[in-house]
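What follows is one structure encoded as structure tokens, with my remarks underneath.
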Amino acid sequence: MFSHNKRLQYTVHVSMPNPGLANLMLEQFGGPQGELAAACRYFTQAIAEDDPGRKDMLFDIATEELSHLEVIGNLVCMLNKGAKGRLAEGVDEQGEMYRSITGAGNDSHLTQVLYGGGAPLVNSAGVPWTAAYVDTIGEPTADLRSNIAAEARAKIVYERLINLTEDPGVKDALTFLMTREVAHQKSFEKALYSIEPNFPPGKLPGDPRFTSVYFRMSKGEADLKGPWNEGPDWDFVPMTQDSGPVDGRTGWASVELPEGDAEVLRAMATRTQSRTDIDPTTGAELGAGVTPPPAATKK
Amino acid sequence: MFSHNKRLQYTVHVSMPNPGLANLMLEQFGGPQGELAAACRYFTQAIAEDDPGRKDMLFDIATEELSHLEVIGNLVCMLNKGAKGRLAEGVDEQGEMYRSITGAGNDSHLTQVLYGGGAPLVNSAGVPWTAAYVDTIGEPTADLRSNIAAEARAKIVYERLINLTEDPGVKDALTFLMTREVAHQKSFEKALYSIEPNFPPGKLPGDPRFTSVYFRMSKGEADLKGPWNEGPDWDFVPMTQDSGPVDGRTGWASVELPEGDAEVLRAMATRTQSRTDIDPTTGAELGAGVTPPPAATKK
Amino acid sequence: MFSHNKRLQYTVHVSMPNPGLANLMLEQFGGPQGELAAACRYFTQAIAEDDPGRKDMLFDIATEELSHLEVIGNLVCMLNKGAKGRLAEGVDEQGEMYRSITGAGNDSHLTQVLYGGGAPLVNSAGVPWTAAYVDTIGEPTADLRSNIAAEARAKIVYERLINLTEDPGVKDALTFLMTREVAHQKSFEKALYSIEPNFPPGKLPGDPRFTSVYFRMSKGEADLKGPWNEGPDWDFVPMTQDSGPVDGRTGWASVELPEGDAEVLRAMATRTQSRTDIDPTTGAELGAGVTPPPAATKK
Amino acid sequence: MFSHNKRLQYTVHVSMPNPGLANLMLEQFGGPQGELAAACRYFTQAIAEDDPGRKDMLFDIATEELSHLEVIGNLVCMLNKGAKGRLAEGVDEQGEMYRSITGAGNDSHLTQVLYGGGAPLVNSAGVPWTAAYVDTIGEPTADLRSNIAAEARAKIVYERLINLTEDPGVKDALTFLMTREVAHQKSFEKALYSIEPNFPPGKLPGDPRFTSVYFRMSKGEADLKGPWNEGPDWDFVPMTQDSGPVDGRTGWASVELPEGDAEVLRAMATRTQSRTDIDPTTGAELGAGVTPPPAATKK
Amino acid sequence: MFSHNKRLQYTVHVSMPNPGLANLMLEQFGGPQGELAAACRYFTQAIAEDDPGRKDMLFDIATEELSHLEVIGNLVCMLNKGAKGRLAEGVDEQGEMYRSITGAGNDSHLTQVLYGGGAPLVNSAGVPWTAAYVDTIGEPTADLRSNIAAEARAKIVYERLINLTEDPGVKDALTFLMTREVAHQKSFEKALYSIEPNFPPGKLPGDPRFTSVYFRMSKGEADLKGPWNEGPDWDFVPMTQDSGPVDGRTGWASVELPEGDAEVLRAMATRTQSRTDIDPTTGAELGAGVTPPPAATKK
Amino acid sequence: MFSHNKRLQYTVHVSMPNPGLANLMLEQFGGPQGELAAACRYFTQAIAEDDPGRKDMLFDIATEELSHLEVIGNLVCMLNKGAKGRLAEGVDEQGEMYRSITGAGNDSHLTQVLYGGGAPLVNSAGVPWTAAYVDTIGEPTADLRSNIAAEARAKIVYERLINLTEDPGVKDALTFLMTREVAHQKSFEKALYSIEPNFPPGKLPGDPRFTSVYFRMSKGEADLKGPWNEGPDWDFVPMTQDSGPVDGRTGWASVELPEGDAEVLRAMATRTQSRTDIDPTTGAELGAGVTPPPAATKK
């Protein structure tokens, strides 16, 4: 069960309203790398988790991310103050309002016209948040890696927002939020490596013929190598357009069809076959004003 | 530039058509952890990458994932053979076709009715693939972690599909695809750790007050601890509903409003205020058939 | 700031795992009328709200909805117990696992194969939750009506789930959740009607010529009337296909074009005009095997 | 069956093309509170409705909303006139076209480049319309409340657009459309309250222990009260992080597992357990360049 | 302006309710090839169209498609009759209702639980309709081709539904709807070819070096040819993995960087470079329990 | 199997970075008419195709579209050079960075803040690519028409982008890409017309009563006619709001209800009926401050 205190986890002070900046902040409110995504990610993992220690950690971090969602949401609302009232109350002077919400770019017009200057769960382009952003699959050796990556991404987006802001209070709150992503990443790393072994993830072993092969599929000016494809663990296998299938068989797909299916497929093939022995007049020729030949010519 | 050979990277042989199983296979064709997601992820990273070694590796793996997309797509098509023809040619006996596509569950009806027994870019529930699945943000210390996690997830979904299949040819091809995810994860790990340092990701340092703090936000029966919240690097800080903000200030959000904004906000507040000194009759009371009191009662 | 206690707001006891039923329960976890939608709706309103009483109420109810999300999520996880382990550990006997997840219909295959038997934020058809479900626009006289309606919808979906369940513990928890929607609706009704006046919503008055008109646009067997179109407040205006525009002007759309625009539009019109004085041979005729006439006939 | 007259329900006259304003108008064409959403909402309800009076009303209003969709669409097209032709005919002078569609902000570049200056079914940020906006659930005591709320929201968005426009013809048409939302809301209110009783919606009664309880879940500076949580009908129950479950039982989730399931879950738990007795070296430490200790230290 | 008559364009008579079949019918109600897509497609084109004849035709067909949407919606509602009432009124006997909506597969559970047995704007898998299905771009020589293709697709989906149905009344109504798609395709073909010329679409000519080249990018067992790549109009150019760029230049992408940009890019490259001269220990090795080497080995 | 060469199919040279223009280019990278859509469309058709000639052609063109995706992606990356580095490295002078990404409009802020100046699979408004853009249904007489239309649309969007660009290298590469759409359209036209017959698409004949009827559903100032509704093949049938159903029957929808269903529907009707004999007080009246009448008045 959740409980709430109206005081924020971190104090927010904004020097001046700025709807364009508010709009950029939405990236970490309703964007793919934002706090709703983080909270939903860890909360749903926590519910489904059976390991007591991990469940505990996931609930701790999920609850903190909800508290961060509140901090970033308050940044958005403070930056939108004033603008919100002017549109609602119809205070305008000679088209100033139209110019201010369209000139600022940044889709702040959407925040104002559709969402009334609030904190909608959209990214900075106005795309609604979707659970398609949450990549949890219910296996800890995969999900913890997903969490590590998610924290790394969120850290970077905060870094970019900090680089775009000159307001010291905004910078300060963003720095706190960014820092916590670092701490969370550290926790998830510890949780991953305390599962032994955790690689390969899951249970089934790979086919030993292919676990240490690096296929060179793309050709460049030079054959660049690095630890990802050379060294004792790697078998470097150049592939070209002419390479056969790696299993040494035909490389064709096949299926054993039950009686009756073959027949109906032949009927379909006949009905829909493309004749290669004619050169039909087409819509493109009609459309280009080309006179159709007196009869379709054989090749 | 891409080129293509119609022979598959790995030979596909299916023992018997099975549209229900075909439908499950779509998870790795057009699902969030599937091969289109992988190919798009690495291809777009490769284009934007400037480091020659990583660019090379990303193109290699992107090209291989496209080739895997072709393998899994051929599995889908082989499993749908026959069913595809029967619906197209209208071959039916006493409602058998309706029963077969609805009884099989698994949304195979969608594959048949809407997509004609082909290999659509949807997941196994029929949800169209979306680029919202791709979490690339353009910073290698984050994107490589995302790639590691994506390979781990894909490995697990293949593992589940293998557990659901008895057809030896399907199991064989799926095992190849699963194995390659393991190899790719290894390459991405090497690429990540050959950037030194890579943690914290990005450039800005965190606020040292908060990088090693673990906030206990959720209360349980016991105070479970593990390497993710105890040890020399961690400062374990219990938080309760009554804890103040972690920055020691007020915990309230504030903004310095320019002249004029305060006034319009007051007007809006007045117009929309909720009176707490009345007990108004509501639509719920009307709807419940409760007789409205003669006048709104003061409390 | 949020805090959490691992004990649920309401105790959940399930008699027997049932992945098919778990899947239906997802409707109130990640579906449009579910608890995530409710929590997000009220939480974002709470952040943006300036009226102290409403802000307080919105935070109370948002926090409770998060706690309900946890209750329904636990129902899902309990109903999926066992199934989750069997697929992860690859425990199967002669294809039983495939039959169980496809025969059950209800998209439980998605919950298992993609989400590993957890509690994903999707509806019962596997559609990911989207913030497009949240209709908050930042004006209390509209948002409170939206909240009232949302509670009414959620109440009904719980009612349907209760009707589909025989497990007494599941019925019990669902009944609690359903009941709370009734209580929340009552609170929102009180909050709406304590704004005086609250109708029409917003600030601008309507055009008095059209506020009390009912346009009869659809013709039926009889002219059915009711309080929604007859009585002292209504002006019943029958409209037919031949009725002119209700403003008494031309009913045509027009714009005053600046110099130059008219010219370029004429050029475009000329380039793309459809000639009505010819009967061109078309692709359909080619495709039907109709011999094109010797020359396009004039009419 | 529908029929159509090319004259609009309300005459549209625009003083001057303005693609930026056209783009804002899209909010009521293909946005969540726009006319397509309204028309689809009432049309689908009308089809499924069995009560003759409501069915009649729903068809009337659905048909009118379609006619409004046409009015707002014509506003968009008139405001885009000229711009449409210039891009299609490639009329440009020294990059003026690029500047005009990017400087105007407001995503008008999307309307021009992708949609050719037409009236696409997207909102003002370019997000395609989705039926996820339609919240109909097929129970009149809920759907009529949803309709009332939808009309209130649409009224407000029109009000904001009117506040942003100085063109008298645009203001005039928008005022007509806004006014009709008021009239429709009145009709839906009458239709709701002519169902007796209509509260609580649906058929199942709530659990009397919880229908009149207000849970105080969020703590603030003061205990704010209003008619939504105090008065004779309310039982005000403060909840804190330490409150037990409201049903007086344990607050834990449980399920009775069939034979065999417990065993497989134990196997999964063992495979994936997080050890809390070690402090493993992690990827973060590798990435930060921290020398791994000679052996994993016990705590 | 639209007007409506409650009588359908085509009479619907259903022999027996069948929620599973109702669910399949949704494909043509809220699916990508369905009637809402058709109506929206032609209606939005009609509004933006300036050519009087095409505008007229588009409004005629848009209005008819709306009338078809009503026909297919009534098919859905008739097939859901009874089921709708049983869930709403809670009429159940020993779990029969649960079995009926889950055993039927086909996502009819979604239609019942979420949509109450109505006619929701989703496809047969429950995916909400999206305007992303509408491919109008505002140029008649493209849009008319899109319309022709859309009619062809809709015709086929109707054909599949007819093949799945044994109810004579359902077959009869579907056949009418299918037939009209044929007629509409004919009209759109005539409209396309009455624009002269209409190929290539639009205004800009192609680069004559590349308009008649066929690039053979994919290698197979034989060099299959047909009228699409051989004949007097085609220049057949085999391409292999080793072919250079078709413009005869370098095939590399380049940009002239302004002063300062080069410097910052070098800084970024240095910070994020992957070293190829080391073989770092990775998370995968830690996770696999491989002892890290005493020091990172040079190659 | 795919293979790759890092040299592009067409050389890209950009004169100067321009993030705003980069953003517009995204339309053909991750937009609905862009190259990913094209590649996915033809690749999935190729996999499912059984006709050897068409399969061959589809793989050729799919592979070329992938190569085009790479060309347009490189245009985006070259145009973003510099901007990418400045944000990543935090190089800013007095807020210049904020102004540059918000003043440019065009959602380039999204490309920078969320995607780090890379080439994300979104359209120019930031909407993620979705497989809902791919309209393949698995019947060649429909899919080839869809392909023809898709090529026409892509050609036009390229034309618009060319009209918006002054950079000669960008114009040059775009012209190549545009030209290839023309060539592909020609191939698909040949492939369609080499299926004989191909009209009507599919197998089932239409109902001869309705294949040549044109219904006039929309009334205008004049009865405009053209080859799409007049001539020997057309039967022009005016329809008005008063026209009966075209099948000459009742125009009503009906279903034969099994025993029991009728009863439960009557119960539902009674519970939810709207009374037309009262004029109930409503929430709107309460909200407007209208004093409710002493008792609900009968009409």
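Chains here go by letter, A, B, C, D, E and F, matching the order in which they are written, and residues are numbered from 1 within each.
Operating definition for what follows: a residue touches a chain if its C-beta (ideal position, glycine included) is under 8 Å from a C-beta of that chain, and two chains touch if they have at least 3 such contacts.
Protein names from UniProt, one per chain: A, B, C, D, E, F = Mn-containing catalase.
Just so it is clear, the structure is predicted and the values come from calculations on it, not from any experiment.
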Pair from C-F, A-C or D-F with over half of its contact pairs in common with D-E: A-C
Winner on C-beta contact pairs when A-C is weighed against C-D: C-D
Between chain E and chain F, centroid-to-centroid distance (C-alpha), Å: 7
Centre-to-centre distance between chain E and chain B (centres being mean Cα positions), rounded to whole Å: 22
Residues within chain F bordering two or more other chains: 1-9, 32-33, 53, 56, 59-60, 62-63, 67, 74, 77, 84, 88-90, 104-107, 114, 116, 122, 125-128, 130, 132, 137, 139, 141, 148, 156-157, 159, 162, 185-186, 190-194, 196, 199-200, 202-204, 217-220, 224-227, 240-243, 245, 251, 265, 268, 271, 274-276, 278-286
Residue numbers on chain D that touch chain E, as the complex places them: 1-9, 30, 36, 40, 43-45, 47-48, 55-56, 59-60, 62-63, 66-67, 69-70, 73-74, 76-77, 84, 88-90, 114-122, 128-132, 134, 136-139, 202-204, 280-283, 286, 292
For the chain E and chain F complex, residues of the former touching the latter: 3-5, 7-17, 32-33, 52-53, 56-57, 59-64, 67, 74-75, 77-79, 81-82, 84-86, 88-89, 91, 130, 132-133, 135, 137, 139, 141-142, 145-146, 148-150, 152-153, 155-157, 159, 162, 175-176, 178-180, 182-183, 185-188, 190-191, 193-194, 199-204, 206-207, 209-218, 220, 224-229, 233, 241-247, 249-258, 260-261, 264-265, 267-268, 271
Chain E - residues contacting chain C, complex: 1-6, 50-51, 53-54, 87-88, 90, 92, 94-95, 97-98, 101-107, 109-110, 112-114, 116, 122, 125-128, 139-141, 148, 185-186, 189-196, 203
Sites on chain A touched by chain F in the complex: 20-21, 24, 27, 31-33, 104-107, 123-127, 156-157, 159-166, 217-221, 239-241, 243, 245, 251, 265, 268-269, 271-276, 278-285
Residues of chain F that touch chain C when the two form their complex: 141, 192-193, 196-200, 219, 224-227, 230-231, 240-242, 274-276, 278-280, 283-289, 299
